[in-house]
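Next up: the structures, one after another.
Shared chain: chain A. Partners: chain B in the first complex, chain C in the second.
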Partner chain A sequence: MMRSSLTIALKDLRLAFAGSGGLAQAFLLGLLLIFVFSLSQDVGQRMDAQEAAAIFWLASVFCQVLIFSMLYGLEESHKARLGLLLMPAPIQAVWLGKMLAGLCLLLLAQLLFLPALIVFLGQNIYDSWPLALLALLLTDIGIVALGSLLGALAQGQAARESLLSILLFPLLIPLLLAGIHLGTACFLPEAPENIQSWLGMAASFDALFLAAGIFLFSFIYTGDD
Partner chain B sequence: MLLALHHITKRYGSRLILKDISCTISKGETVLLSGANGAGKSTLLRIMAGLSQPTEGHLETELLPENIGYLGHDTFLYPALSALDNLVFWAKLYHKPHTEAALRPLLARVELERSLHERAGVFSRGMMQRLNLARLLLLEPSLLLLDEPFTGLDSHSSSLLRAEITTAVQQGAGIVWISHDITNDCSMADRLLTLERHRLVFDGSAKAATLPPPIASHPLGSLPS
Partner chain C sequence: MPHSLLLCLIWGGALSMAACQWLIYVYAPTEATMGIMQKIFYTHLPLAWWALISFFVVFLASIAYLRTHNILYDLWAKAAAEIGVLLSTLALITGSIWARHSWGVWWTWDPRLTTTLIMWFIYAAYLIVRNLDLPQMRRATICSVLGIIAFLDVPLVFLSARLWRSIHPAVFASKEGGLEPEMKFTAIACVLCFGMVWLALLGIRQKYLAQQHTVETYCLREE
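Let's look at the complex of A and B:
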């Protein structure tokens, strides 16, 4: 299954970079959000760490909606979905492949968002790089696990971007809360005391969304139109 | 026996598509599936491929998903990838040799060797379908499910496809083939299945089906003695 997932992920990444602007739109939307929020304060003013973290995750989730919409859209033009359904591997390989591709693209987007946060919102990541990386990975895994599942649900729908947002945002709230608190800790000179509980919460929701993907994907991704 | 359908019924919501269909497909047999538009032919083929689940009844087969080749209206190709890269992707997913040396003869067989590195997106409908045929041949399937494979093909591509169908039959593959051109295609078939109003109304020899109707049932009545 892992081999099939990697093949799908590599193909998706290749098509995403060769595509006609879908990826650029997703990245620009996130950057635009950060820039627009920066206008709410005076020049040179440092935004509150928690607000900055919230903006970072908001930009990431909006970007991710477009990423998964694009990734599942790749199969729709010539119904390659049917070909994937016939492959000799569990169908969850598609979910995992899309999730891996989505994770790579989201991390790449966040690599652009972080400098924007430092420049536009006056944030600093002090000595907390390991924590920042752990927080990023833990929150991202949950986001892409659910994004990959719901992306499959929304594919083929005329209003897939809006449907994906409507389904995704309410379910992601607990994980985003954990991400915001962990992000806040990264932007402060000293990490707050209760950081372990937020790490635990992010890991729990990762497990929940990964399990949901494994169990529910085969009911969502079918050959029936 | 390659595949057996037992009392298959399919509904989409309250809409009946197929009602109580039972039949078997044997090794080396060419079966023509006919019927008016909306009779449920494509749905039946999708159920045979395992792409759609029946509402009632069950499908019995010893074939693995990789042993079933499905050629539908859609080509399962990625327009942004080259002809070769499309084949490499499917070869990797189906655990087949995926080097250029291994795939070049296959592209030569469908006369696309010179377009090896061209993007599939610039191909004509006929070239796309030939590349799709190469994808199908790559799998070396034991059962070929063809949904109106000649639609939109020029005469050259049609002859190429007919030749490949004949070769597949000679190699012992079973074929189920949806056709609207019964007069021409019956000569290549062993059996004819006819769907009418969601039910299987004829299952018999394709040769018998093409015989002229008995004089007694002729609309003008019996001939004068």
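Let's look at the complex of A and C:
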């Protein structure tokens, strides 16, 4: 299944980079959000680390909605979903493949958002960045696991981006809180409290929704319109 | 649900709700600090509990639908979700009134309040999906998956909100006395009476949805 998933992920990444601006839209939306929030500061003011982390995750989640809408739209726009369904591999390979492609694109987007946070919101990177990196990976895995599952659910719907947003945002709140709390470690000289509890929360979310994805994806991704 | 049982629940619910009003306004003493405003607690608590139970019913009915593909389970899930959203809306309104009087703000970050609000958002989105223009079986499957995911998220929402911060009073679990015995009895009686009304509402709504489904099926056959 892993080989099929990697094939799908590579295929999606190639199509996403060769596409007509869907990916650029997602990245630009995130950057725009960070810039707009920077307007709330007075001249020379440095934004609170927790606020900056919250804006970072908000930009990431909006970007992720567009990423998964685009990834599942690749088959829809070419009416190729049946082809993917007929692939000689478990159907969960599609979910995992889209998830891996989504993870790569989200990490790439966050690579752009981080300098934007330093420039626009006046943040500094401190010594706890390895912890923040671990938190980033744990949070991203949960986000893309749920994003890949619900992206399949919203496929073929009119206004699927807004549908995906209203479904994803409330479900992601526990993970976003963990991401925000742990993300502040990157922008503060001292690490925040309760690190282990929040890491546990993010890992639990990942485990729960990875399992849910494996069990439930086959019900959602079918040949029915 | 048999018609006779539904009738019993409707009459039982109506009479017990009347008895609850007597317990709330006559039997239970008025709280010293908050005064008459504290009485809202007897409505707020059952609303919040039965809203959560409604969402649990959605979860169970969703699993049952995915296992059997029997549309009746999907109708139970829909009825329970609608009632859950209604009850959680009322719980949020009554909770907000309580918060304003007790803590001086209409809204504050608290695990239980936040969990109820997030559940409201999740199940409001669930009801939007339920009204999408999709083939019936496809919609039922999508909603079942969503009903399962939504309930799996509830414990994590509560734990994360508690880790963030909390000021909610621990009513029953309080080690410093909590409620007076009369107040506790009234609160428990209210929860049970609301349960009867909840069951009656669920039965009525499910029956209506089942009849609607039957009519729609006949109409499709005619076409």
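Throughout what follows, the second predicted complex is superposed on the first by the 225 of 225 C-alpha atoms of A that agree within 3 Å, B and C clash if a C-alpha of one lies under 4 Å from a C-alpha of the other, contacts with A are read in each partner's own complex, and residues count from 1 in each chain.
Convention: contacts are C-beta pairs under 8 Å (C-beta built on N, C-alpha and C of every residue); 3 or more make two chains touch, one makes a residue touch a chain.
Here the structure is a predicted model, which means the values were calculated and not measured.
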Name the contact category of A:L15: first (chain B only), second (chain C only), both, or neither. first
Counting only touches as set out at the top, which of chain B and chain C does A:L58 meet: first, second, both, neither? neither
On the A-aligned overlay, A:L134 touches which partner chain: chain B = first, chain C = second, or both, or neither? neither
Would you sort A:L86 into first (chain B), second (chain C), both or neither based on which partner it touches? first
Is chain A touched at more residues by chain B or by chain C? C
Based on the superposed arrangement, let me know which partner A:S197 touches: chain B (first), chain C (second), both, or neither? second
Should A:D224 be classified as contacting the first partner (chain B), the second (chain C), both, or neither? both
Is A:I125 in contact with chain B, with chain C, with both, or with neither (first, second, both, neither)? neither
After the superposition on A, what does A:L167 contact: first (chain B), second (chain C), both or neither? second
Considering only the contact definition stated at the top, list the common interface residues of chain A for chain B and chain C. 222, 224
Please output the residues of chain A touching chain C within their complex, sorted ascending. 146, 149-150, 153, 157, 163, 166-167, 169-171, 173-175, 177-178, 181, 194, 197-198, 201, 204-205, 208-209, 212, 216, 219-220, 222, 224-225
How about chain A: which of its residues touch chain B in the complex? 3-4, 7-8, 11, 14-15, 18-19, 74, 77-80, 82-89, 222-224
In the complex, chain B residues that touch chain A: 12, 46, 49-53, 64-66, 68, 70, 72, 74-81, 89-90, 92-95, 128, 135
Can you check the complex and tell me which residues of chain C touch chain A? 66, 118, 121-122, 125, 128-129, 132, 135, 137-138, 141-142, 144-146, 148-150, 152-153, 156-157, 159-161, 163-164
